[in-house]
Amino acid sequence: MSVHASPSLTFESPEQGPDSQRRCVAVCMGTGCSSSESALVRERLREALVEQGLDAEVEVRRTGCFGFCEQGPITVVYPEEVFYTRVKPRDAQKIVEEHIVGGRPVEKLLYKDPLREQPVQKWHEIGFYGKQKRILLGNCGVIDPENIDHYIAKAGYQALEKCLTQLEPTDVIEEVTKSGLRGRGGGGFPTGVKWGLARKTPRWPKYVICNADEGDPGAFMDRSLLEGDPHSVIEGMIIAAYAIGAEYGYIYVRAEYPLAVRRLRIALEQARERGFLGENIFNSGFSFDLQIKEGAGAFVCGEETALMNSIMGERGQPWPRPPYPAVSGLWDQPSNVNNVKSYAYAPAIIRNGADWFKQIGTPKSPGTAVFALTGMVNRTGLIEVPMGITLREIIFDIGGGIPHGKQFKAVQTGGPLGGCLPEEYLDVPIDFDSLQAAGSVMGSGGMVIADESTCMVEFARFFLKFACEESCGKCPPCRIGSLRMLEILTRITEGEGRLEDLDELKRLSKGLQRGSLCGLGQLAPSPVLSVLRHFEDEFRAHIVDKACPARKCKALITYEVVAELCTGCMVCGRNCAANAITGEKLQPHVIDPELCERCGLCYEVCNFDAIVIKSPR
Amino acid sequence: MTNSIRDIAEEARCIFIIGSNTTEQHPVIGAKIRRAKRHRGAKLIVADPRRIDIADYADLHLQHKPGTDIALLNGLMHVILREGWQDDEFIRERTEGFEELKPVVAKYTPEVVSEITGVPAEDIELAARMMAENRPGALLYAMGITQHTVGVPNVMSCANLQMLLGNMGVPGGGVNPLRGQNNVQGACDMGGLPNVYPGYQKVTDRAAREKFEQAWGVSLSDQVGLTVTEMLDAAERGDVRCLYIIGENPMTSDPDLNHVRYSLQNTEFIVLQELFFSETAQFADVIFPAASFAEKDGTVTNTERRIQRVRKAVDPPGEAMPDHWIIVQLAKRMLALGATTPDPDAPFADWEYQSWRDILEEINALTPIYAGVTAQRLDAGEALHWPVFGPDHPGAPILHVGKFTRGKGRFVASDHTSPAELPDEDYPLMLTTGRVLYHWHGGEMTHRAQGLEAMYPEALVEIHPKDARKAGVADGDLIKVASRRGEIVAKAQVTDRVEPGLIFGTFHFAESAANFLTNPALDPQAKIPEYKVCAVRVEKAGSSLDERAISE
Amino acid sequence: MGTHNDAVDLSLMDDVFREYEGQRGALIPILQKAQEKYGWLPPEVLNLIAKKLGIPVSKVFGVATFYAQFYLERRGRHILRLCDGTACHVRGTPILLTALEEHYQLEPGETTEDGELTVELVYCLGSCALAPVAVLDGEVLGRLRQNMLLRTLKKRIDLAKPA
Amino acid sequence: MINLTINGESITAPEGATILEVARMAGIEIPTLCHHPDLSNVGACRMCVVSVQGARALQTACTTPAADGMVVDTMSEDAVETRKFVLEMLLTDHPNECMTCEVNGDCELQDLVYDYGVKWPEHNGQRHQWEINPDPNPFIFIDRNKCILCSRCIRACNEIQNRDVWNFAYRGFQTKLVAGADQFMLDAGCESCGQCVAYCPVGALYDKMSIGLGRVNQITKVRTTCSYCGVGCNFDLNVRDGRIIRVTSAADAPVNGMALCVKGRYGYDYVHHPDRLTRPLVRAKWLGREAVEERIAAGEWAIFDEAKQRLTHRRPPNDAQTPIPNTQYPNTQYPNTQDLNTQLPPDTFIATDWDTALDVVANKFAETKKKFGGDAFALLASAKCTNEENFIFNKFTRQMLATHSIDHCARL
């Protein structure tokens, strides 16, 4: 490993700096956009520029996630910050010819806001970004995550330098504590205090561990951050290590995140080359290095003790605390585990001071919150908002409301260990404590919107099935109790439910909450309980009327042909694998409910909306 | 054992096993050692010609040739002295003869030793370093050390090593022979030896003799008696006319069985007390059906000199009777016949024992090291390791604390001497013998324990793939193993647990007992036969032999 | 454990062991590398790993079976990973599953008899914005509908005609 | 030393002890399943949860160190309800077979279910249906349906025996206790020490040889010392109707504790083997033809079939797959020769009576001693006999026969 005596914070070739007035076309290369050919877009842009002989002057930049994945692939032309959406490879030509050469933004690629008639030109004028405050995501979409100079140009590693050259470890801890930063893994435990505890234990070596095992289905905040701005996380970890007195660290990344892993690898290499990692960093005498550990597919490894077992090559099962990691964690040594975002805040806090951070968000939950806004909402994507903003603002102002004029039903936060909130809670301000009070949790940032077409009972069952499959099996309450709950919920969705089941669910939930060893078991009942609390009528509909109001539960619905609308085109019949659809050409068809498997293919393929889904009541 | 199992398991920082297949022959101690190694981080060094089970757990396995223990031990001591790792204070305060040791050990450089033993010189260096850096260290040995013509020098050399390191008289140290049978220790303690009365009081010692003459009211010889092997020779000559055997099976356990058979056939009158009709029973004139351990009361003494109770759980089958009852009955009849006439006033002249407790009282009275081993204390659950010199004496889990029993520990240096019989053109392979986990000794018991028999139903001979190839033998083939004294047929187990040139067999299976092959050459002092080394040759067995091996 | 006919080339593991020589807690990365090389974890490989790392087979097996990522059985030539993350779930993954079961008699985790296709259910591929998403042999299929999915499969894989 | 309060009682305890240890020292019982004093603590079963003042959630007493000033309630509603819930959950995946279970009356789960008044939970949800006794190991019986996944067997194998045969595989409700890579135990390096059985709190692991032979309330336990090697392990012989049906570990065994080896734990059945000698045997030549014929005719003596005896020695091994049948009480046949005119070879063994046999020996010895003196005798004592027997045998040698020629197998 090459170790520079003193790493440089200046560019080695300044003109590459993103802030230079040089023209630049930024193409999002996050997982979302990549999965819709953004790499090809980038390629085509290059070629087009070469054709125009502009490849020298115009940079085509790979960037991390802009957040507005819904509209991906995203391409932004700097310095004007013109924001193109759903860019296809073939559009590259146009962008170069009309915009770069002609100076006229490409009308048809601009974002059309359903709420406004004029297409929006500039990035920050888009409603989706209107109410956002991007601290963590500030560099995402701006810098090339695979180029450390870009990070440095954005004041990167200055916080580290400040710590190592001007601050005592205790000062660092004090500053972070003062900032009021709370753990972004969902627990909301004060980060500074946590660091203080790990520092107090007089045993070495100590370890800092970054929990990037983002297991919540429907959450991709950490992934995007690692993909878009890996150095901010690394810098945060080094700062934490300095504060705690650790000399080695691990980033435990979910196996499903190959791109994040690749970008981290590159970032680590570059950081080592520049001497931000390694021995005697900034001549401070402080040395630190870290490595990536890839998870192997176990949600429970998001629990810190299970995560450490996994790093040690064991079955990812949690251990009862005490001993706490700060006292005895990885290989029985003092260890500090934080979420990706918690570390990533540290540099900004050190750079701008605790007070700057505190004036963002609310007194008890300062700073911003990052959410992956998904589900039945117009503008899905990755957002960062100041704490204290209401759910309504997020869903309707940022998210642009519910598509196809459907009715909002619930917002789910905190993933499988979180809860669902209905309409009447939309004005609850977002922060750790208010959400808890409302019966949900902050979680690590998943936010899924459910509309009228979502069956809340099935929704609850879905989360419990997940928890059940991910139970490590160590303690009986979770291992067996979660299965018993799942069996009841399944029964209900299949129309076999009884009213007593509702109390039984509550009883079992209590057992899990009280008796389980780790958070997974203790919180697994939360989604069910919140649905029971806010949508009991849907439960009753399933149990009493054997009806699924959302017309989702297969056992409680039938597909029927509306004779008036059916043209007898026979498409549905041809697609039906169960041969449940009969009917002469040009004659209205009929679906045999006995044979019908409820795969919904006919509903999907019918061009005349002649097929309807029915459920009693 | 000079130390207790407990303190070896919990205190020793280095455990050196030489000539003991601990995990198979003393499995519970073996497990404790594995635990010490894996959960307590104790260093484990195993010296054995075979890659025995515990070798897989060892930090270091010294795979030395059979019969080269002295060379190996001297080599270790050579390195220790060269590096100045010896415990000078201990040597000064506690020992004598150190000066005589030096010149002998000086000759055994790692290179020289490597030549003799086949152990890489650097391993010898490493082993010595481990022992020096991890004290206290315990040395454990078993028949692998004693069953040689140099059995006694072997043991002495073990003691030398431990004294050199100052590992004597401390918890977690010591020279610790692991005794084979459940009460072999007690049998020795109780005078089951030709040269001593109970408690190792020499028959040649006048005071001792008079003590027992007064106790038993008869006059006693001051001539040492015969050892097992000498008995058989005497029987062969016809000098011994009556052989009285309790629960032993020389026809499987003694060396050179053909010779044993001849001797037994030659004996006029053989009385045997047994559980089963053993091989030896075929030569008996009278057989008394005896009781098993579960059918009688009394005490036994384990390898760490701890005296413990045996309790009657069930009645003996049929008319079978405990051995002590039988002996007492015989004694009374002989008294009645006037075969001997003890002085009636002698305190222990008579044979009126009501129970084992009465016998124990006589033991207490006549055996100083058992003086305090009373029924009361045993019933109270006291842990008593002899010597227990009186009712209030606590006993001694560790021997030689502060001072050796004989005063100063004596270094007795020995030189390497080759085994009595080594491979040659006619008998090119070396045979070493031992036992396996699932069987016991002659197998009188284990062959009749159905589970154990199921686990290990037939005799196996371990042979290295190289030698197997030479002999055209495949794994599972029946092979004939022949020595100058006899031959057996057994199944070949082709394995690299043994080195090329070495094969391993057991005497668990009467019809293919390795002791048809073993060499009766004795250690001149201890009179122990050289079971561990003899020369043999191996060939694939013909089908006729297959028949025999299976049908018999 | 996995059924397999042709012998496994254990030498593939040599450089893996070299790479992790002396590293603490290397079991999981080694298993991952092994699976990269063999596509699954054959029994022989598990035994080899235990032997090389000096840890009991029972531990290697315990770890390999704990994590969803490891396969102790051979998988199909084509692998369809269907995302059932929350976002995808509310946007129709369940119905995609029904369609698959309907047309290929495949439950998640199963492989077609002809060993052509394995279908797996995964929780969030992180492309929630494209929900519902599936990955067929590494290629992301976004905003899926039943007929789209079925067509793609038919196009990509010649399966023994599903009943 | 530290001071804490448990259930209102103030207790002084040594530093570093767990709440469980402190409570038990003070005679306060906290129920456990996965805990065993010999083994490391994992806090898995949740039975020992207690309320600790100031703690967010219930704490497992087996893993939580007692701290100075700590206030503990072992019977708080939360704790008690949690225990009931855990037991109920375990029962929902446990067969209701106590009636026929080997460990009925000797089962930690059964006792706790009773103590906490947990009712049998009826439900038609999923229950494990593992194959019963799937492993050919001749000593160890497995019924995974009864396994509560407490991992005591795993830890016993890893920490006491250090063989690492057992481990958990898979996860969640699918978690399965497996040997090696879900192999047969013997293929996974098992040496059949039976430690896993000894530590099993329920009937999931049991001694195959003892199945159906008697349950705890039907047997008497006799503490004794093993008859095999010199380690001196103690254990309890489980006796029913005059037969040893099982060997069980004794936690307070001074040398070995719970640990035993395969011979000690499973090598006891030779005691009841039909080959046992049950009558004194004397060669015909020492009895005199007339006596023999008379007494045989009178049905007092019998001819002993030597050949038959020797054969039984090499009985072909049992098929390890099938559980070992228990050997019947000795019933050795002594054929009565109808026709006394047949020549009776002088070397034929005659099953006689004690008086006859003892007299034959006493007379022979007395006569030999008179004629040839003590040197004509040689005696082999036994390392399998008690100290007392060896002592009087040594006395017999020296006092009765006037020789010192006594030895035993010490060297062999």
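All chains are identified by letter, namely A, B, C and D, in their written order; residue positions are counted from 1 within each chain.
Everything below uses one rule, namely that contacts are C-beta pairs under 8 Å (C-beta built on N, C-alpha and C of every residue); 3 or more make two chains touch, one makes a residue touch a chain.
Please read these numbers as outputs of a predicted model, since none were measured by experiment.
The highest number of C-beta contact pairs joins the chains B-D. Centroid to centroid, with C-alpha atoms defining each point, subunit B and subunit D lie 26 Å apart.
Between the Cα centres of subunit C and subunit D there is a gap of 46 Å.
Once the centre of each chain is set as its mean CA position, subunit B and subunit C turn out to be 58 Å apart. Separating the CA-averaged centres of subunit A and subunit C is a span of 23 Å.
The residues of subunit C that reach two or more other chains are 62, 66, listed in rising order. For subunit A, residues touching at least two other chains, in rising order: 298, 315, 472. Contact of a single residue of subunit B with at least two other chains is seen at no position.
Chain pairs that touch, as defined above: A-C, A-D, B-D, C-D.
Partner subunit B is touched in their complex by these residues of subunit D: 138-139, 159-162, 191-193, 208-209, 222-234, 237, 239, 242-244, 254-256, 259-264, 266-273, 275-283, 286, 306, 309-310, 313-320, 324-325, 327, 329-330, 332, 349, 353-354, 357-366, 368-370, 372, 374-396, 398-400, 402-412. Remark: subunit C residues 24-29, 31-32, 62-63, 66-70, 84-91, 94-95, 98-99, 102-103, 122-131, 133, 140, 142, 145-147, 150 touch subunit A in the complex.
Across the complex, subunit D meets subunit A through its residues 42-46, 49, 57-60, 63-65, 78, 81-82, 85-86, 89-90, 92-93, 123, 125-126, 148-149, 168, 170-175. Here subunit A touches subunit C in the complex through residues 31-32, 34-36, 69-70, 72, 214-220, 223, 255-257, 293-299, 310-317, 331, 372, 374-376, 380-381, 412, 415, 446, 448, 450, 454, 458-459, 462-463, 466, 472, 552, 554, 575, 577-578, 597-601, 604-605, going by the rule given at the top. Every residue of subunit A that touches subunit D in the complex is listed here, in rising order: 298, 315, 319-320, 322, 468-477, 479-481, 483-484, 487, 510-511, 514-517, 522.
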